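Note that the chains are named A, B, C and D in the order they appear, and that numbering of residues resets to 1 at the start of each chain.
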Amino acid sequence: MKKYIIRKIFSFIICILAVTLFSFSLLHLIPGDPVRYILGEFATEEQYQKLKHQLGLDKPIHVQFIDWLANIILRGDFGKSLVKNVPVSELISERIVYTLQLTGTAWLIAFALGIPLGIAAAIYKQTAVDYAVMGLAAFLMSMPYFWLGLVLMLVFGVMLEILPISGIGDWRNVILPSLTLGLPQVAVIARLMRANMLDVLDKDYVMTAKAKGLPNTLVVFKHALRNALIPIVTYMFLQIPWLFGGAVVTETVFAWPGMGRLLIISILQRDYPTVQALVFLIGTLTVIANFAADLVYAFIDPRVRVTGEGA
Amino acid sequence: MRNGTLLKIEDLYVNFKTDEGIAKVIDGVSLDIKYGEVLALMGETGCGKSTVAKSILRLLPKNAEVRGKILFKGTNILDLPESELRKIRGKEIGMIFQDPLTALNPVFIVGNQISEMFKIHKLRIKRTILDEVIELLKNVRIPDPQRRYYSYPFELSGGMRQRAMIAMMLAGRPSLLIADEPTSALDVTIQAQILKLIMDLRNDYNMSILLITHDPGVVAEMADRIAIMYAGQIAEIGPVRDIFLNPQHPYTKGLLRALPLGHKEERELENIPGRVPNLIEPPPGCRFHPRCPHAIEKCKKEKPKPVVVSNEHFVFCHLLRGG
Amino acid sequence: MVRSDLVVVEDLKKYFPIRTGLFKAKGSFVHAVDGVSLIIKRGETFGLAGESGCGKSTFARLLLRLIEPTGGKVLFDEVDIFSLSKRELKKIRRRMGIVFQDPKSSLNPRMTIYNILKRPLEIHGLGSSKEEKLNMVLEILEKVGLGEEHLNRYPHELSGGQQQRVSIARAIITKPDFVALDEPTSALDISVQAQILNLLVKLQREFKLTYLFITHNLMVMQYVSDRVGIMYLGKVVEVLNTREELNMGRVYHPYTAFLMLSTPAVDIRERGRNKIIVPGEVPSPINPPSGCRFHPRCPFAKEECRRKEPPVTEIRKGHYVACHFPSVTEEKLTPYVEERMESIRKLWRGES
Amino acid sequence: MTEEKRRTVGVSMWKLTWRRFRKNKLAMTGLVMLLIIVAISALAPLIAPYSPIEQHLEDRLQPPSPKYLFGTDELGRDILSRVLYGSRIALRVGVLVALISAAIGVTLGLISGYYGGIIDEVIMRIVDIVWSFPSLILALAIVSILGPGLINAMVAIALTMWASYARIVRGETLSVREELYIEAARAIGESDIRILFSYILPNVMSSILVLITYNIPSAIIIAASLSFLGLGAQPPTPDWGLMLSTARTYLTIAPWYSIFPGVAIMITVLSFNFIGDGLRDAIQPERVS
């Protein structure tokens, strides 16, 4: 267990470092002169020098990196937005709540529906239940977020007129965006859960459990489920960053004022400090989610917990 | 020990639905196991010996179709409702498998998996369940049972896992233990330990044993009677002495002469030509006839009826006219 | 003049490091083969027997230099194979073959039987034309009991026994001197095992092959080998002649004796006799016991066995034992083994 | 007689896979759907009633009618024609991206799995990061460097997708390397390169193929998402994502506009997913039954 955790901490540090370097170099990887690119052709020399200084591009590259990182770590300062003229951190903190609200709800929907549906499909393999769940999953997985969002808007907002189409407001405004973000994940989790469950139900120890005389509910929900859930629990963590990815699109569809929307606007407006900050944050979140998944895995799988071996 | 029959299998047929067609895996098998005896079911890969074992506890997968009767203490197991079946599983009939690592649940400690037996079957206990489990672990000669109670299966060696598995199946004090290739995954020195343990426990617990194996050596050491299976049919059944010293079925004879006894300079091993038939389209009549050096016309048409060789020794072969 | 020793192994060692991720655990090694010396004579079948994890398969791979050793030497026909360059190694590999336990995994599922058997010819430049190669393949197929109808088949279309025949054909198509057989019949049923054993014996006589025959099955070993080495935890504990000594039960290492007494006898007259069983289990090869590696399980172990590794002594001509007190075994176990072997001999003689 | 015997043709693994695939109804449906889509994209100029960029300003935002089967958009362009032409872009993006990322990932995965050691460590660390990063965010970050546009979007997506190939190929290479036929190949004197390309690669190929089939639809979705966000294909390209981006504005007054391009994406993605599932099951039959 100790060995395993040391290994994971080591890889955690490397990954954080890589994410930091990548977000920092976003500005520097722009082909040609980044300042010129941001300002466009018609900027004056004065504007040019001012921006170059503001972005710190007049300093040697390692100094830039240290300044950038130090500002983030010590003061939570990601620099100033080039468009809004306010600190990036302020822009982000205004919006982060909305994104968390959206992704959190979607996350709950995904697991609350996905796990039971997957189990049901596995238990009732090759029956109407299975076909219905898997058919629904196939359709949901084939719909891009933005179109699923549009369809939900059309049905519930335009045709039935029972839910608001876009923007923020009360709890009813959260329903459509979080369904949009959550439903495709329901499909993924249901499929994963079903596959794991079928895999486990085929194992010898399930036969042993039956041979012992256990009632079917205990066989399925104690002996099989406990094993089948291990990868799912890991997935619960791994999936978090992907929900932030989906949020980018969903927020655009529903005019939801979150971080994703901010990212798109910033990219379109070439507001690099904001883009860098967002990529850095989501990247860090990704690494943390992975690390958490590894730890939880170690905790729930006795093979890893005791011997420190395993994936 | 009581006299009489504990388990009686009558005319068992098992078909498996597969993508390629229906595999007729068991073709009319009849057997009986008496109180206190060890019956070995021996045969090569794919002969159906494990299928027979699993059909007794109705552990076959859903694509299996089972016909016939399996009478345990007079009641037909195949007709029982789930709730009644569960009272037999583990309590009346225990079962151990070839690979104890995959047969034990990896995420629960051994003690938990054994104590489960006491809870579900509401077994009578003298002290606490923990004490009872440790007692069982002692009975299967697991050293340091207090500590091993808390071990996960992967922390035990192959031999210890099989002991734990046996302990689990002894909890209900079953009258029949089905041992499906119990030592095939183990080294010979460990195999000898486990086989001795099983025989000792049979006496202590007064069990009958159905031993499924491909190894004539294990049979010779353990069994009172043997049934030789070939391609889903019984070829020969009888007391171990009769079968080994006076085999009558061409397949049994071939099998025993194929054993590498002696030395290459002294003798050549007997070849059984050909290979095991496809069970989706099995040969009609006696399924051994395409490989049998003495096959006659009748073998291709009619399924052989048992011929009595001596008391309790029956051969399913048209070539024998006797009794 | 042809020397009688084909393979000479001197103090051969292979330790596998135990890796966990990036960090190499210091000093943690699996001592798979730990100082083995022996000689395989031209034309004989040298059997190597032992339980799982004793290092017998690693030993076979070392002899063909499929893995690199930690120490020691292997002389193949007087050539030190670990000193060879890649080119020289490739050349000498024409003269050695290997057959593995699992017939299915031994054949590339994407290649036809013809292509599988043609490759050794191409690699070693045997057979000048396409025609000639085809004929050589057909000839070897016939030798192993297959026919031209198998030429364009894929491995998954053959039975386990047939797959093993193809593996054997691949190993001998280059007319090698030496073939290592790593549990060649352990995955097979008894009747198929008999076919393959007969085939191997026939081929050995016809092509004057030298075999290293590895198995955990003592019955097979007693049938097929001329001399036997018994391995325990990376060491060879006893080397002896099969017909005159092993099959007569004249063994002097307690482990060999226990192994033979543990093997189910196929002899129902043995029943009811109080069986002698070796207690305990094989310890981990990561930290093997000090002194004699068998001492924790040996009922006769004395202080000396714990402290000192037993020297190899030639107890009789060509019979080597690595035990401090072979006389104890001779007195306490050998009679039982002899009795048992005698009884088995009677059994099959009476039958045939 | 012997000639005939010699000509007995064995059933290769690919043939076997195809036989099992053919029995799978869903997979065959997917294949037929895909063939139709390919035919549509090839024959788009022949079957489309109008040019995809031809504007009919007098017929703006018309609902479906015999004249415009799928209706018209805000510039009076025929939605049906645009949807038909859109299949060209979708297929091109999907296939190209999947092939480019496969080329990168397979090479790195083979190297990583076969050689191991430090090379493997370095490659796999990079793969871990790229693989766990949400691909849309990574693609967005790369687009922010390269600038918007369809080509840039494709490059960005390819750069996010190679990691899954590298992971799978490395894992498979490691497991294939353990197979005895690799050891047997070394024992008969095969060279490293030959083992890599004639023994390992053919046995890893089926997994790569499955992955490609799954990755094409993912690439199509991400590319359409980028276009929807305004960072992929630019007007007036008849791209499905781009069309939906505009359709969103007219959702209440022209709902048909939002329906047809979306259905087109869904059908295309569905067909690949069906094929992928069928292929996976046909290659590993033991996992199904």
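What we mean here is this: a residue touches a chain if its C-beta (ideal position, glycine included) is under 8 Å from a C-beta of that chain, and two chains touch if they have at least 3 such contacts.
What you see is a predicted model; the values in this text were computed from it and never measured.
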**Prompt:** Which chains are in contact with both chain A and chain C?
**Reply:** B, D
**Request:** Please state whether A-D or A-B has more C-beta contact pairs across its interface.
**Result:** A-D
**Asked** Quick one: chain A and chain B, Cα centre-to-centre, how many Å?
**Response** 52
**Item:** Intercentroid distance (Cα basis), chain D paired with chain A, Å
**Value:** 22
**Fill in**
The distance between the C-alpha centres of chain B and chain C, rounded to whole Å, is 31
**Prompt:** Where does chain C touch two or more other chains at once, residue-wise?
**Reply:** 22
**Asked** Could you say which residues in chain A touch two or more other chains, in rising order?
**Response** none
**Prompt:** Residues of chain B that touch two or more other chains: which are they?
**Reply:** none
**Message:** Quick check on the complex: what are the chain A residues that touch chain B?
**Reply:** 203-205, 207-216, 218, 223, 226-227, 230, 301-303, 306-307
**Request:** Using the touch rule from the top, collect the residues of chain D that touch chain C in their complex.
**Result:** 2, 5-13, 16, 121, 179-181, 183-190, 199, 202-203
**Item:** Footprint of chain B on chain C - complex, ascending
**Value:** 51-52, 159, 161, 189-195, 197-198, 201, 216, 218-220, 222-224, 242-243, 247, 258-259, 261-268, 270-271, 275, 277-279, 281-282, 344-345, 347-349, 351-352
**Asked** Residues of chain B touching chain C in their complex?
**Response** 44-45, 157, 159-160, 187-193, 195-196, 214-218, 220-221, 240-241, 244-245, 254-265, 267-272, 275-276
**Request:** Spell out the part of chain D that touches chain A in their complex, as residue ranges.
**Result:** 125-126, 128-129, 132-137, 140-141, 143-148, 217, 221, 224-225, 228-231, 241, 244-245, 247-248, 251-252, 255, 258-259, 261-262, 265-267, 269-270, 273-274, 287
